[in-house]
């Protein structure tokens, strides 16, 4: 049988494509890949699954989609995997985020949280020392100290590009650390709260003083390349980035990178998110059995070893399995420990200081969220670009969120 | 105006035209150059223009990652097929409008053009549902039909303007010579309009080749053309300028070369009736 | 064969009646010329016969069979267009062969007829050229060749010579006349050039605004124009029409006298006037005489040369036996 | 004023010499016509005078001042093009006003001149139309109007009437002649129509392949053509040129006799032949006579009518005093 | 050319094109209209029943609506002005005698062959990127602070990118039109004493009128629906959200098909207003 798999164009996925031969050899099934950029992919698979187009046998989806789709009955439950597969080995946080009522609906291919990556040399030059679990105050101080705009060195690189998966992922997670929340228990938007104002003003001030130019256009990729070129002192972003910034082939600063947990403000929540790219099977596919075989292959322990054998331990898909972090070989990878700690410190079911009706750290797992957050993200991005004040951005965000929530019938 | 143009004038013209031409072309040139650089040289500061170690590694990386030939082949089939299909349907329609005009002709023509103003995103859902019903999702034929429909108004209009330049008397002569409608179109009209048909063909191949909304949304694996290919390169992780350039070059090269070879045809043919 | 009969044929474009109901018979083998000013409906009439336009009303018979609703291809007529209407993408040979190809004439018969036509029309050397590589006269010949091979029952020509220059026009005029002598096929020929009409026709049909003003042989029209319009239209330079007192003398509304029927003297004559422009052609001289007291300028034509110049006074005497008389409706009075 | 002198003017297109070095003087107020077959360089010569082409060599003087390198706009000449070259997007009024607007003529003066020109050319009713809404003759008049208002020292016309139909051509011909009578401005007129040349010109320049074959008044050319080429080119129908034995009798290489200088009889005459096509115009009859033993067909022109028909035998007698004689080079022998 | 037979033949021959386009227009249009009166949320189970004009009201009253209409008009208008003005100048220049005309022409028309997605990617990443973009390097070379194009001059940047893409099209059509200008007209105006500038203003420009309207019409049709350029560069941020993009957000990002369909209907109305306006000019110009 030939499986059609929609996937995102991230490095780990590309690697998986190259290794498909192993799967075909083992099972005799062929695989057709549809590789798309993240936003295009999400739009494509969402259209297809909601219209029941049936074009894909396996879709690459995230923690956001999985519970929503599963609730609509669009995904095949993954509860009958073989014992070898060892479902219990999946990190609990990941498993929790990809399950509905205790049943797994998508198997994590790799998982991530966020953390600080910083330049040890610059930190030293600034006369500071990064604690393992810094506060935002420290991070801000360090960022300002490291900044040297004439040399094109910017103390801190943060996401500014509009998008629910871009700046809003970062800002939502960060706002958790500042005690803010998206909605109160009655689904009332909270952008008019004091906490959000603090969060946004803090972020904008910090970026204006210590961030790179044009930060409002920087997403994960832009920041990654800035950091790799040695232009960032600190960068708070996905844990998977660690393997890129420490890879001497692409990175000019590979040997000068340190890691720390995402900062907090002492309110009890850290600003680190939790995400997994996972493989799910749309309900109604003709090739359910083969698809399950593929998912078991791709998210298995053997697959991790296959990658390690081919590309080295630093390149195996991280963040999915407990066993990986118990592996002696992997422990020598510099960022392994900090990644695990970050993942473990995120709690999607209880993300904020104040109580909320939704699940998800850097998102709220409701269908309307992506649309709303993208628009809110644009307002925040415009505020970062100096086109409006933080207060104006928040007011607009509040209005449009209230509007959309009403339209959706909350 | 056959007076000797002073060489000085000609030199100024030449200099100005080349400067502007190169300026306009520069983004493409830069992309092509970048595709032969390493990722590190691609972002070198200051940028290097020609003096770098030329490498093909980006092309091999791209080839390794995606099945370029399949995307290319799909693009060729879809763009070519939709155009041919469109021409076959448009020739009779354009014939009618050009040679048997009624008071509605102009309205029909403008109405046809106005169908192009439907915002594609607005009708994606309906079309998707229809495609599912008809089993056309991810098929080349489905895309051919959609692209044909999108471009049909343009094809009809272009052919209409070419046909109008053909003197009606010639078709009447054919009729007097005993030709039926079919013979008239096949033996007289079509061969006479070959240059116009060629330009139409060309323009529509270009438009169909570059169409990115429907080709992306209605395909998955089997029928995906180069627009889908490029969608997987738009923002990979890490340094990507060189790889992006290589992928871009590969996506545009076929049509660019086709366009250049048929430049004359396009220049003389793209009039939309602007020339009388 | 090729007898064409129009019975009460009428043509309207929308609400405009271009051809009012009209009867006309064209006999087999006759060379009929339609003349008339621009826009009078000559082409329309020809195209009605060809079947390229529908009649609004009336019946067209070809060889006594009703052809009113027969499509053009089936009427057995051939047409030569003003613009030649050659197929530019086909060689001369293919152009000529086209009607036979449509009629599915066998290959060898096609070759035979093409060769015959080419020989007759002096086209043998050009058979493999494209129309674009031919001169105007040659193109015209190809157009004629294309109609000959069909062996039609009648030829229809719509101003076939008007795109040629004067010298060529004379030559082609002769060729078409000779062709008619040879083939004896019915020909219907549209022109607004009265010299062509006079020299080629067996029968001239003078049209004005869709009406037939007169039908007759060229000399009938020249000598006995039925009305002022025909009188003015046939003959070059135009007949002088004189109204007012001078006409009263003859007891009619208007008299007409052709320029070539006026004698000129520098000493005496019936009328006197002042020379305006005098055009010396060598063989003839046209003198435009003003201030004769006869109303408009009078044009006189003299064989050979005469030495008059602008401003001279000259005397004119009409040849009385060549005087034409017209009544109030402009109709001829014998 | 408007005296134009060309001294050793030469024009090459690339390597092709279209005009070999040539001298010509056009006197002030003269109506000069360039005639010659197609491609002989008439337009090129006119465009050299206008300044629309550079001379390869030689000097052009206008009113005794060297104008060889003066740009067209500064030469004070006006040109009327074959295609009229009206500005299609401007009304007739704006078209006529354009040269004055360029010359910054005051508004009221502009209005005055436009009105005058429009009145003279019968354009008053059409001043607000666009050229596309005019007939051919009207367009031609607008083109002339546009040149008149500039009050140029000379007018240049390049086949201004060749796009008009025969009847209109005659009318416009007269109008231009009258304009010349009135304005007395130098006019240089290109045509390949010899009737136009004969009737309009004070002086005709006959060109062949860039060479001047003869310069002279129309009647000079008619009566004393300098060579066979001019003899054949001037006069219609063409002069009959007879070579061989008959010419030997006169001791020359070729003799020429115009169709109107041959007397016809059904009984006796110097030559006899068989009637081919006889063209009856009413006022004249052209008879094409074959098998005279004189080589080519002989054309005869008779005033009035004669009743001969195809195949009849007739007798011809040339008027001996009208005989032209030519030597081996085709040059006239007196 | 107008016998009864040919007229009925014409009707038959026109039928396939008309029927297909009618279907292509009506079927989605009717479905869109239907959806627009419904609460249709695919992620919440699809069709949730009729809601009357709710979606329409919500769409226009949303704060994003009018700015998006304005943005659409600015982009379309800006690109039209730039391409037509530059197109005319370029066409005039390319019509002059010069060496290597063919090659220059190839250079100039090349952008037209480039996919919009690629165009946007290349401009965004390789030119407008504030750190590594070529323009940033140039700015720095002259000692200036690099522009953050897509933020500080977002609309202008998009107009620039789209203009770059469409300039060749305008130039091509205008060039053919210029070449069709009767040279005798230019000579006549020269004889009439017109300077080169006057010739351009009085003869060449009016001659191009028809070509310009056609460029206007065709480009408007294409520009009203530009999408890839915005999607790739700003994703509608910084005031670059066109009506098309807004609909895209409603349908695909917010997964609210009902609301998006109502937006689609508005877009159709806007397009038709522009169209009627254009057709007026063009229709007149096409007859003349």
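Should a chain be cited, it is by its letter among A, B, C, D and E, assigned in written order, with residues numbered from 1 in that chain.
The rule is simple: a residue touches a chain if its C-beta (ideal position, glycine included) is under 8 Å from a C-beta of that chain, and two chains touch if they have at least 3 such contacts.
Source: prediction; values computed, not measured.
Hopping across touching chains, the smallest step count from subunit A to subunit C is 2. Both subunit B and subunit D are touched by C, E. Note: the chain lying farthest from subunit C is A, by mean C-alpha position. Across the structure, the highest number of inter-chain C-beta contacts is found for B-E.
If you average the Cα atoms of subunit B and of subunit C, the two centres end up 53 Å apart. Computed centre separation for the pair subunit D/subunit E is 55 angstrom, with centres defined by C-alpha atoms.
With each centre defined as the average position of its C-alpha atoms, the distance from subunit B to subunit E rounds to 16 Å. Between the CA-based centres of subunit A and subunit E the separation comes to 37 Å, rounded to the whole angstrom. Taken residue by residue, subunit E touches two or more other chains at 1-2, 132, 187, 252, whereas all remaining positions touch fewer. Looking at subunit D, one finds that residues 52 touch two or more other chains.
In subunit B, the residues touching two or more other chains are 1, 43, 124-125, 129, 172, 231, 233-234, 240. Of all residues in subunit E, only 39, 41-46, 58, 62-64, 129-132, 145-146, 148, 150-152, 231, 234-239, 241, 249-250, 252-256, 259 touch subunit A in the complex they form. Those residues of subunit C that touch subunit E in the complex are listed here as 51-54, 71. If you check the complex, the residues on subunit B that touch subunit E are 1, 5, 9-10, 13-14, 16-18, 20-22, 24-25, 27-28, 30-31, 34, 43, 45-47, 89-90, 92-93, 95-97, 99-100, 102, 106, 108, 110, 112-127, 129-130, 149, 152-154, 156, 168, 171-172, 181, 206, 209-210, 212-213, 226-227, 230-231, 233-234, 240-241, 244-245, 248, 251-252, 255-256, 258-260, 263, 266-268, 270-276. Residues 38, 162, 165-167, 170, 174, 177-178, 181, 192-193, 195, 198-199, 218-219, 222-223, 234-237, 258-260, 276-277, 279-283, 286, 288, 301, 303-305, 310 of subunit D are the ones touching subunit C in the complex.
Of all the residues in subunit A, the ones that touch subunit B in their complex are 4, 6, 9-11, 14, 17-18, 32-38, 40, 43-44, 47-48, 51-56, 219-221, 224-225, 228-229, 241, 244, 250.
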